[in-house]
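Two complexes come next, and they have one chain in common, chain A, joined by chain B in the first and chain C in the second.
Right after this comes the complex of A and B.
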């Protein structure tokens, strides 16, 4: 090989690296560096009143966070929210995808309608549902019209109903997004499989469980990983609908870290953020591993 | 032209295009920076003061004052309006990172708990306008004038009621706790909520803040109790009257005198319900009637002091703070700020502030607008009888950072759950205070 050819080949190999530099720089500055700094600061007693003077405190901040009963509650709520929203988003997304992936009239209109909630601003959603779920809101008025007055509740005022509604709203918002990933998965499944199964006399249910579902596992892996990670990092919907999780009942890890930060306990806030980061990474990896093992080649 | 030459020209063209792109981008940046520098140097000619404003504190009135200042004195105000719930955090962050604006608006003296007056703030004690202050102690720290107040004080914390509803149903203003209970019972029978309590955490806290001060009986007693708690000489269990304030409110809730949607009703909605007679009373600052009256022009509101078992003296709780400005000690535009304050101390400026939101002005000769007669009479009668006490939040100012994220949510939780009593709330808060003090001791 000539010298020029070797040089060209080397340039071709390094070409993607140079192109990824801008993205890597942004990612490093805005993600890697803050996480690294949080990690370092979580081992200090950093306080907003001692901004310039954080001192090494070992695991003290982690101990303070873990012994706080509100933290346990926040961890429970975070997992509850993440798991239930993941199941609902995947379930609803799959149903919508199965209905809408075949072409029919107004198909694209329906797809747009179901996708729309996830592009709406969280503030808009918050205002909308606060009005719907208020004591004199739309939902209670409808129940009143139907004569179901005993069903009327202060929906956002009690732990169970408020958590339930937050989970429902989040799932409603993102089911459309999951639907699109499932539609791509469904479109990748060759029609021959179904034709062969039909010839063999397999029922629609059998075709769904034996062909569709196994071949959709890669799409489920993507959705499940993104949903669980997103669910564990939840902040905005809790902050807006439940006023920042102002009651300790409805706090999640992100709002807990935010509250520590607000009081000025920056070391503890960093420790809570690190715990959240580790949990998100761990759960995402485990889930990914679980589904990857079940993936089938088309 | 052969293929090789063509390739060479293409290569050169590509390089030239790349150079042109880089030059254009760099040029744009340089020009952009140049423009910024130019603007900066231009702005040096006109005085520009950066100000942080609290969203809820009569921005309209202030904007009118700023416009007049720019027109008459050529001093431009670069205002940044911050939502109330983020304000303290924002000031703390800006202070810590050395990015405080020239002027910070907030409740005074509460701001002295976030910014250290002697270390961070400019001392205006020698300014002429200080002698014109009606109630100088509210905005001073250790006898020095570290703030420019807009109001003398924020008024009193009392019951606000719907006069039309009371007149229509021939209801009388209660003078004793028994009469108050009877009044609530009568209102409840009319299928109207006697007392409206909102979910915004700063709303229920007013009941406790006023109640604690009244239960302690005097400002001196409140200060002594605070010192004992903060220095760990005593605990809240040694002051059962504080837990009793919460328990008495919880007893009213248990009797069904409070709305059943405390966890979701907003302060604004509470005013709507007070106006449309779904509710009869709410607890708050009397001067807020002036701000809300424009939204409910046909409703007549009145005030009375809440009769309670834990205060036999009938003390009235004074919101001993004011909306005002503090200035960074190393402010580069201090002459312009001084000029601004000289102007704002004049009636022709400060009258604009009170035109749409009547209150008690900080300066003599300023027209505070038409303060509601009942509010004025209630305040004056207690002032004359020397029956005013300062709200507990001012006395507990050292731990102010804990209020909005800890203490106030605890109050709300006690009201919205059945299994929390007053002592539990106070014990929980005491743990927060201990931790906070421990952190501060590290600093020392």
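Right after this comes the complex of A and C.
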């Protein structure tokens, strides 16, 4: 036996396949099987009355879903939410990181504050913000104090403002997370790049666009991919701020799937879940592809 | 050489910090107010600190039950994820070949998938674990598994295999090697995954909302949401409930900040 073959067989014995079986089974049963079931059952007339006896119905559930104007709205809101929160989180995160990446004592206190919402539960944040945005809530009180009574409104009472607020809250919550990813990216950029640029008389804006940004692309990739996937899957904040996702105009895909599920339209709910999953995979893949091409080596 | 922080910057940052801190202040102050004071939602101090609010909520908010459920669900999920994930991570990180690549890619597939509400419900029903904490634990663990396996395997790849070989020459068997040699070396990534899994599970709202039907099994986020629904007029109580919910997390965060931040961010960078 060659040396390599001995090594291979030693590896074979030392790290047998069964090591992965516990993880594979939990993951397969509780993540992959439901996806497979969704794929199959969304092509049937499965609903709460035909629980045990779904019949093949072709694309009917998908047609049903796509015909539903609420679904169209949900898709639109999902993308609106995902895209705007991604931009805001990256923008705010980057600004905070640029201001705070040097290790001063004061900076670390600010970082602690800006990161705090990331460890809290969205339920708490959501309930807290209903008190801020209520008709007699903190925000309207502050506007009153500032003499801006005409600006007061029922923030969660209409589509535009309530959508704007869920986007703001989500971005507020995760900007600190993006900040830390950017900080670790910034700290990895060698100082002498900037020194060399300074001696050659490059302005700080030029240094930012020619050195900082290109070298931050990997961090942007991480943030963008995570933000967009997380944003598309949004459920909690919408559900909590919109009173259990009752109103149809602020519906997103997850709350749409929940609503069809709770009225017993299981086929439609599965179709919506599958559409969401496919969209998330597609978008994260494209985004990753787009950014990876722009990454440069340090 | 290094310049001091400039005061204008500090000032602006302080103002921005208030955007983060004011909601917290409103909540903490509100929790000590009377019902009437609390619904004014302002930053005034309470006339008299109403400690009785806390007594009332602890008695009526099922806080203890919620905590017990959260602790149970989080601990079990985290243990499953860490042990199963580490074993699979070692397999994927140390072996080479087609099968290993397939297993790895199969796990990676799960990084972006989202919860299949209706069919997961059907699955739990058919396994007879709908409405049980076990069902919630297993779903959480399954959803966390891809990330864990990925981070464990990439960490293992960075550990020189000489230490394994030395242990094997010393007569270590598979399990002994894994538990006595590899797992101790994997401590940093263990801490990362522990933190990520525990925080995700503790804060998860969707899974217990969908798959736990009785209040005595609810973890704390659901207790809060339900309490908010029942006491929507008693904002002082709602604020107490929120304070009680986040207090341990905030204390943990302030103490273990370095690990939490590093864990959560380094974990995602490796992704």
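Methods note: the second predicted complex is superposed on the first by the 274 of 298 C-alpha atoms of A that agree within 3 Å, B and C clash if a C-alpha of one lies under 4 Å from a C-alpha of the other, contacts with A are read in each partner's own complex, and residues count from 1 in each chain.
To be clear about the criterion, a contact is a pair of C-beta atoms (placed from the backbone, for glycine too) under 8 Å apart; a residue touches a chain by one contact, two chains touch by 3 or more.
Here the structure is a predicted model, which is why all the values come from computation and not from measurement.
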> Of the two partner chains, chain B (first) and chain C (second), which one does A:135 touch, if any: first, second, both, or neither?
Replying inline: first
>> Tell me the contact category for A:188 with respect to chain B and chain C: first, second, both or neither.
In response: neither
>> So in the superposed three-chain picture, is A:23 touching just chain B, just chain C, both, or none of them (first/second/both/neither)?
In response: second
>> Comparing chain B against chain C, which has contacts with more of the residues in chain A?
In response: C
> Of the partners chain B and chain C, which touch A:164 in the superposed model: first, second, both, neither?
Replying inline: neither
> With the two structures laid over each other on chain A, which partner does A:281 touch: chain B (first), chain C (second), both, or neither?
Replying inline: second
> Thinking of the overlay built on chain A, is A:236 touched by chain B (first), by chain C (second), by both, or by neither?
Replying inline: second
> When the two structures are overlaid on chain A, which partner does A:45 contact: first (chain B), second (chain C), both, or neither?
Replying inline: first
> Which chain A residues contact chain B in one complex and chain C in the other?
Replying inline: 51, 130, 134, 261
>> Applying the document's contact rule, which stretches of chain A touch chain C when the two form their complex?
In response: 10-17, 19-20, 22-24, 26-27, 29-35, 37-38, 41, 51, 99-100, 104, 106-107, 110-124, 127-132, 134, 136-138, 141, 172, 177, 180-181, 184, 219, 222, 226, 229, 232-233, 235-236, 239-240, 254, 257-258, 260-261, 266, 269-270, 273-274, 276-277, 280-281, 284
>> Which stretch or stretches of chain A touch chain B in the complex?
In response: 45, 47-51, 130, 133-135, 154-158, 243-244, 246-249, 259, 261-265
>> Taking the touch rule as given, give the residues of chain B at its contact with chain A in the complex, in rising order.
In response: 85, 89, 92-93, 96-97, 199-201, 260-265, 269, 401-402, 404-406, 409, 412-413, 416, 436, 439-440, 442-443
> Where on chain C is chain A touching in the complex?
Replying inline: 5, 9-10, 13, 16-17, 19-23, 26-27, 30, 39-43, 80, 83-85, 87-88, 90-92, 94-96, 99, 103, 106-107, 110, 112-123, 138-139, 141-143, 145-146, 148-149, 164, 168, 174, 177-178, 199, 202-203, 205-206, 209-210, 220-222, 224-225, 228, 235, 238-239, 242, 245-246, 249-250, 253-254, 257, 260-261, 264-266, 268-269, 271
